[in-house]
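Following this line, the structures themselves.
Shared chain: subunit A. Partners: subunit B in the first complex, subunit C in the second.
Presenting the complex of A and B:
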């Protein structure tokens, strides 16, 4: 299945901004993070289709997922 | 910092200075002090531009000390924009300098008869007030340049631009940063108009020959400051994200969350967001020889600001903040970072609140006065404000008035003050704060984004009404207390997640003053401040009907989540039941 992955802030360093990739059906977010080679502790915020998600959630075909390190402002 | 300086600008024979001890206000600082004075001494039914109003400028309890992050200053008055009490908060150097000179507050009172402009110079030897009509209608940058020529470069300035002189509702008060640039503003609520009504163009502060305020227990204070600073450095938000990208790191995340107000609160995502994101902005600053990491005042360890150069590598403005980039960017459908930076410079120079201006321009776009995305048109509108043309004065009076003049239904204001950069339908906790804070729509008054979006201090689902009342209440209480210390609100990211950093903040206060403040005392202080503010507003005629969002937030769903604001009115009325 095809998943669009977006990386933000420091997670982009040495990686990419946004890419659509093939993943095995039923993959969890935690497994995606592993496949991308991102240390899991660097990811504190995960959005799937604009909603907060957790590493144990599974993805479905066509999902857009966004990963953020700790961020803040205001 | 043991005295209060009152300047009666309307005294017979010219401004009269009185310096007195704190008296009834002992133990108060920052917002706690400004709100205490306004609620006690300003008649709630007075006209905000009349002689009865007061502009109270107060450093926080820890300003002027060696404590990190203590350079915030509070400016309080009855707001010409909202008609209620106002505390507008700014960074820059003046807080530290004023506190070191020994003043817990400057109060501008009364109103001069004529239209002379005054400058006020304060140093260790005293206070000198002189008329200076050569400053008339000068921008903040030129005003500060003239002050440098006259008083040297070891000064800090508090000034107004043409907008303040014209007493426009969106007028700010500028504070200079460490490089003497007038870039840190008490933006909200028209505090610049009140300073203008007092005839004061600039206050120049010089702390030459005075030293830092000394703690009761210097060793323990130093130790507490070390733990506090380490706590800020090790937290991901205050130690990494804010220094590297600044506040504008939020653009991408709010856009991703579908809570980034776009085209005047019509949509929750902006197609041009990545072009004006913090990541893009920081890269541009580095590429052009600017700086992506810069402190607004000495003693700040977060350093969330930066320097933004133009295409030719010349200074254009300080790093535009998230709120500014949003107001002039996504809200207006503009995705050109250089044009947004130009608007930031113009707002700073003319002395305008960037949020109020951007939102007003977006409302004008909705009315068809200009098209969404018309960056040059938006720049021209700000220049009109600076020139004081009739159109400029309308825009410079803020979003509510602009909406009324041009017949717009969708006007995102509460208590007449423009809403900042978070859609309250997609992030319901911030909607509770917008609706209920005594300040009018203000994100800083109870920053629910932390917990709704950033997962700081736990997590409350932003798309549902459950848990938002408690969240906003607790944040509003904590904020009112932090705003009284002179500390930057951004310490909240670290102290909400790290108990030892919170304790270090308490230790700073306790070792400085010889107190034994606990977490409960902080809560009590916050409640006391909010109670005074709510009480003033009630006496000024506010009822629960003003603690509401504009009706369209309940009836018009915002994409992509297609949600409306679902917190019930009767629940909003419970925010201050504690």
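Presenting the complex of A and C:
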């Protein structure tokens, strides 16, 4: 199935902004992060189709997923 | 001129009360600027300093702001701008909470930091700055770090708490404390070109949802640092949210997070 992955902020460095890729049906968000080679601790906020999601959620064909790094300064 | 009310009415121009009249009233009646402002607003007289707040903020709403208490947790990059804007807006009581003193590396972005205040407590400098801008605003400087242990004591009387902290673990503690005390929390955070903001009302648990998996995480700011413009923007958005909550107006970022990328000028609006 095809999933569009959007990376934000520092997660783009050496990777990409937006890409549509082929993934196995029923894949979880956590598995997508792993396949992309992003260390899990570098991802905090996650959305699927504009709505907050978590690593154990599964994806369906056509989903758009976004990953953000932790931001904590003031 | 027997009563303050008569004095204020006699010195009002249109429906505006000039600063000189407030100074005279404070001296003549031995009252604080806060007491003068309260008496004026009760008479539906607007201190002239607020005339450009209209029609965005009515005189009645100005009175609501005057009676409000906002706790600002952190007086650094975000906190300095937040306190500045709250004071100019006319929020009557500001709790400025920060255990630190100003250091040289603050000068690139923290509006309250100047060469002359290096080494001085940030909370005290915040109070002095507000006193220079708007002495009708009561700043309570607290030179202590927020923690779960002192949270209830520090925040119990706040109408809104504004997050201007500099790390994730204490942000989560602050969010939990605000949930417990049932106080709205405006969350803002920055790192490099990036910032995020949301508004959490009691029961929403928005901050826990954002950071849930990584409550001990180190943010991107540890590597990227923070330039001058990012805190100014995120702080202003936090004050706009605070103003709306205090006045029960408009649409807040409740159950939404804005993630702002100034490097590519993108704003993401995520439903939580």
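Methods note: the second predicted complex is superposed on the first by the 70 of 74 C-alpha atoms of A that agree within 3 Å, B and C clash if a C-alpha of one lies under 4 Å from a C-alpha of the other, contacts with A are read in each partner's own complex, and residues count from 1 in each chain.
Note that in this section a residue touches a chain if its C-beta (ideal position, glycine included) is under 8 Å from a C-beta of that chain, and two chains touch if they have at least 3 such contacts.
Since the structure is predicted, the reported quantities are computational estimates derived from the model, not experimental observations.
A.B. asks: Have a look at where A:45 lands relative to subunit B and subunit C in the superposition and call it first, second, both or neither.
C.D. replies: both
A.B. asks: Answer with first, second, both or neither: which of subunit B and subunit C does A:58 touch in the superposed model?
C.D. replies: neither
A.B. asks: Taking the superposition on A as described, I'd like to know which of subunit B and subunit C A:4 touches: first, second, both or neither.
C.D. replies: In the superposed model, A:4 contacts neither subunit B nor subunit C.
A.B. asks: Report for A:72: first if it touches subunit B alone, second if subunit C alone, otherwise both or neither.
C.D. replies: both
A.B. asks: Quick one: is A:28 in contact with subunit B, with subunit C, with both, or with neither? Answer first, second, both or neither.
C.D. replies: Neither partner.
A.B. asks: Across the two complexes, find the residues of subunit A that touch subunit B and also touch subunit C.
C.D. replies: Common to the two interfaces on subunit A: residues 8-10, 44-45, 47, 50-52, 66, 68-74.
A.B. asks: Please name which positions on subunit A make contact with subunit C in the complex.
C.D. replies: Contacts found on subunit A: 8-10, 41, 44-45, 47, 50-52, 54-55, 66, 68-74.
A.B. asks: Which stretch or stretches of subunit A touch subunit B in the complex?
C.D. replies: 6, 8-10, 12, 17, 44-45, 47, 49-52, 66, 68-74
A.B. asks: Mind pulling up the subunit C residues that touch subunit A in the complex?
C.D. replies: 74, 76-79, 163-168, 171, 188-196, 209-214, 217-224, 226, 231, 257, 259, 261, 266, 268-272
A.B. asks: Which residues of subunit B touch subunit A in their complex?
C.D. replies: Spelled out, the residues of subunit B in touch with subunit A are 235-238, 240-242, 244-250, 252-253, 256-258, 269, 274, 278-279, 304, 321-323, 443-444, 447, 449-450, 453-456, 459, 461-463, 489-490, 493, 560-561.
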